[in-house]
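Next, two complexes with chain A in common: one pairs it with chain B, the other with chain C.
Take a look at the complex of A and B:
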């Protein structure tokens, strides 16, 4: 009995730090509607800054707690700078575009932390005065855990007072419901947004700082915590602070007991809980359907068929690519295969998001399922490359069929989060299930058939498959099924009012996108000769999102352009020191210069050039 | 006081307003009449800075407001009461009023919470209730009270009589009369000709994004063909 009580206390202590980071995320989303992927980075910065302050000051009780608060304040200022310098410029950009900026910030902050604090893990000091354990029912409980258990509810109470007893808090709650109306009542939203960012970032910083007596400070803290923080926010209901608290306790306590029964479960448990909650309550425990006045609604212009000149340019590009083996070396061919795979992957994600209106934060799930499906077909079933190349996309389709059934029941950010959960569950299973998937060691020796084993032959095979897949997607977009999906994206209510079974069509669209992502994963697996759990990871999903959003979500050429630029830049910068910083900075620069994506930016550039060269030349 | 000229507005590809021209003088109640979809709400939203693709001119007390963000327009002295009410559903009545509170303004009547509770006794009783617990009529009163907390000199009222019970419509007419007595100017959009005649000094009729008629109600009544052409359904 006492052992279980101790386990409960550990769970509650974990809940406190999870709550701190999640409630900051929730506040920021509630007010600004920005899904802040860089929130984990703020958490990590809090830990590093607290480490530096506490180890420099002599570590008395005062020094320790001063360090905690100083770290929170410093990270709050970093968040303020992020909002003020970058995100503020993007509020009028299409929804989700700010997401790309936060990805860029994740990369930049990674390398800034690396430059300042180095790559080695840093072991922080124990909290003075709380360094020992007390016995409760005979079990040793760290005093610091007890302190944490107290801090969580204390912060919750503080935020409650702030939100209900101050004018600023009332404005924040009002803006969470209808920020345009708050603006029309004379409130300058910019200040409200800045303040929300400061508060949210400071809470993340405090959460990170409070971790230093418990775990080593490392450069992996940011992405390790972000997925779980999202889960907590979503379970609680986006924008609900009390919900975040309940969800943090639920997840942490469940986890503390579940590991006793099934030690491997901790990787996937939060995501399973989230999936269950979202299926039962599509807006989380305390969330509400977002008001229609949240996002700036700019109707999307209809897609046009490509002009004759555009077709010719595209054909020329494809021909040039196909002719490249004549002149290019092996490295270039390998890079081109990567490019083709990225293009198909991005096109399938764009089909889901841009055409179907279903935002996915976990599209890597189907890419990875395809890659593993193909690899397992070769290794376990003993199929040849041909069979494996069917098995891969089939596996992707099956995965998308299953997850899609759950996902199309939701919309907006909740749908995106459920896809993230799906990807993390698949990743967790792959990572843990040593016997079948090889776990962390992956599956090696997935080579193409002899006839396709030369770089040139495989390049042509990959080109045929990937370009074929992209072509098929374009056909679907311009088919009645594509019209239907776009209609559903623009107005689900109207689509259903005219008698369409939107969910079924979205399910079909989801499955198609998963199939083609699986196909991309298959081509990828054979090009590398091996698969590792990374192909299912958050980073892979994020890469896809960057390609689609950076390329421009409103144009069919967007994802192709985005994938091309992404792969080429990554290939170039990843050889440099601090490449993450450079890459992140490039992403931020593009985001600020072309808030409608590369495709939109190029279009504007073209119009500008036309105007300056004189209207006569144009027409 | 308010002078709108050549106001154009678009939503995406759709041209909603094609050169609206209207004026509101100090202390005047002006009705903007027209059928569903004629452009009444878009006109009001455009004045308030809530429509992105607009051109033309919105001058208020000699100052150009077109292209300014809504909070600047509100601070200049224009209050906005939206059509769909847009109460903050999770906030209490008192908190809803707090969101609208602005400092006192020279040349405009000052509305305190106590004063507003006097004007809207229902709200006083329900001050601790959340917005979503109010009836439609109470919500309508709350949006007006919330806007008055900003001490405006001109109030834009979008379809105040829409979707509320007749007894509340009467109360609404009394409130508008009270605003006029306090010296406020009002621009209200309305489909209900009877209600508009009850409360306003003058009327504009808008159809397919353009003003087709302007005049007082005596003149409008003398020309039944006008209301037949632009208002009958």
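Take a look at the complex of A and C:
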């Protein structure tokens, strides 16, 4: 009995640190509707700054706790600068666009931390006065764990008081519910948002600082916590701080006991819990309907058919690409295949997000299922490349059919996070099921058939498949089915009112997007010759998301532009030292120059040029 | 008309980034180009010392007149921790830079991806750092060789020491991925062979770099093992040591720990370094052989810091390449492969080693010793050099583990 009690305490201590990481994220999203990918980076900065302060002061109990607060304050100021310099300029951008900016910040902060603190892990001191264990029912319990168990609820109580007993808190809660109304009442939203960002960032910094006595400070901290922080926030219900606390306790305590029975479960446990919660409660434990949507963007202009001239330009581009083997070296073709795969993947995600209005954080699931479907068809079923090229998209379709059924019941960030959970669960199974998938050693030797194995032949094959897929998606967008999806995206209520079974159509759209992502994964598998669980990973999903958002979600050309720019810049920039800083800075520059994405930016540039040359009169 | 021009201008602008890839540089004939790929941004703690190691080796070779009068040029790229990117880079090195061979990689999956690529493209690949047994055994191929002592070898070195303990009930803790699983399987097999009376009573599989150390430690404690075999490393190791010592998991309980003696992982533990853990690793400047002292001095002079495990792996990679190029009749892959078979590296900071013809594994060894805090600095003490050849299956047995070609 005493053993289980001690295990419970261990779980509760973990819950406190998880809550401290997640609560700031919840506050920031609740108020500003920004999905802040850089939250993990703020957490990491908190740990590094606290390490520096505590080790430099070396002043016992006082120095330690002073270091904690100093780190929280410093990170709060970093967050304030982020909001003031970058994010403030993006509040009118399309839903979730700010996510691209925070992604750029993640890259920048990684290299800044590397430059300042170096590559080696730093083990900070234990908390003075709390460095030992006490015996509770005979079991040793670290004193610091007990302190954490206290700090978590204290912070929760502090936030509650702030939100319910101060005027600022009341305004923040009002803004969480109806921003426009608060603005109409004469409250300066900018000030409110800045303050919320400061608070959220400071809490992330505090969470990082309080980790020092428990773990070494390292450059992996940012990406290690970010997914779990989102999971906690979503399980609790977006914007609900108390919900985040309950979710943190749920996950941590479950994990503490699960490792006793089934140690491998840790890898996917949070995502399984999230999937179950979201299937049962579509808005998380304490979330309200509508709490999962980003800031309302500008209403979207209907898509127009391409003009004759546009078609000609497009045809010219495609022809130029197809003619490139005549002039370009082998490596250019290899890069172009990567580009085509990225374009098809981004286009399929754009079809889901931009056309269908279903945001996905886990689109890599279908890309990866396609890649694994093709690889397994070759390795296990012994099919040739032709058969595998059918098996890949079919597998993607099947996966999307299953997950889509659950996902279309949700909306906004909840839907996005359920797709993430699906992707992570598939990833976990692939990772663990060594006999079939090879685990993280992957599947090797998935090379194209001899006739397609030359770089030129495979380039043409990939071009035919990917351009064909993109063309098919375009056709669908302009078909009645596409109109229906767009109608459902813009006004689900009206769509239902005129008798459309929206969910069923969204399910079909989800499946189509999954199929084409699977097709992209298939082309990818044969171009690389091997498949690893990374293709299902969060990084792959995020890359797709960034391509779509960066390109511009309101235009069909957006994902293609975004994929092109992303792949080419990354290939070029990763040759340099501190390339993540440069890459992040480029992304930030693009985001600030074109808050409506590359497609929107180019469109404005075109209009500007036309106005200056007076060409507009011709139309 | 004006508009058409604009459009073509825009098109040309969009194609600009491709230009860089169009103009392939004419491969200079007076130098030997070698490609190098590693996870420099993903795992800087290990790969930075590694890079310094091979750079030092490269500078020494070129200062000494190169190979048969030709200088070596290494094109080094960051794989960003992604196997697909690593393959793209490898393709570029082969098709555009006309690299003679490729070496490097740290993560096992990237090592496997590049190894499969080298097989497809008939290019020699020297896997410097990945530990996975699959690279030379179950997925071995004609074009891939591996330098660093593998998971199996290092686990076998520890099993030999573990067999000398009284402990009968063992618990294991390892990160939940291929490296951790291989390391546990190899240790179990070797220890059971040496000591049929041992039993394994508990195993913990925390996710790599995300260990819930408190819960893991308590689960191990609950099994009341006589001894513990640990495979966690880097940040996970620090957390495990901290939570374990505060919960008295290591009181009167021997711990056998893979790689924990490597300075990359040992130094961050600072004054919390556990006392007397049996580890594999690298004692750095404490090694007093002539070859090592010369290396260590040169390294410190060049970089202003003592060498780490990565440094020695990087340096020995370069020594291997030097020996290879001196022995090979030409830079054609077939000649290189012929030279790699049984290639001897007569002298290195860690002593001589060779590449076995049967399974392409180098016989470079590792150091086995105990952890201790000496004058406030974490160190390996009572260490001995374990020759890699002593912990490998015979060449005939190893050849059987490889797929037929």
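Convention: the second predicted complex is superposed on the first by the 606 of 619 C-alpha atoms of A that agree within 3 Å, B and C clash if a C-alpha of one lies under 4 Å from a C-alpha of the other, contacts with A are read in each partner's own complex, and residues count from 1 in each chain.
Rule of thumb we're sticking to: a contact is a pair of C-beta atoms (placed from the backbone, for glycine too) under 8 Å apart; a residue touches a chain by one contact, two chains touch by 3 or more.
Because the structure is predicted, anything quoted here is derived from the model rather than measured.
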Using the touch definition from the top, say if A:174 reaches chain B (first), chain C (second), both or neither.
-> first
Of the partners chain B and chain C, which touch A:568 in the superposed model: first, second, both, neither?
-> second
Touching partner for A:187 - first (chain B), second (chain C), both, neither = first
In their shared complex, at which residues does chain A touch chain B?
-> 167, 170-171, 173-174, 177-178, 180-189, 288, 293, 296, 298-301
What does chain A use to touch chain C in their complex?
-> 3, 6-7, 10-11, 13-14, 110, 114, 119-123, 126, 131-133, 140, 142, 145, 213-216, 218-220, 224, 252, 255-256, 259-260, 263-264, 266-267, 309, 313, 316-317, 320, 324, 327-332, 334-335, 338, 431-432, 434, 439-442, 444-445, 447, 455, 524, 528-530, 532, 534-535, 539, 564, 568-569, 571-572, 574-575, 579-580, 602, 609-610, 613, 615, 618
Chain A-facing residues of chain C, complex | 2-3, 6-7, 10-11, 14-15, 17-18, 20-22, 24, 41, 44-45, 48, 77-78, 80, 82-85, 87-88, 91-92, 95-96, 108-109, 112-113, 115-117, 119-120, 132, 134, 139, 176-178, 181, 203-207, 209-210, 212-216, 218-219, 222, 234-235, 238-239, 242-243, 246-248, 264, 267-270, 272
Which of the residues in chain B end up touching chain A in this complex?
-> 11-13, 48-50, 52, 69-71, 74-75, 80, 82, 86, 88-91, 95-96, 98-102, 146-147, 150
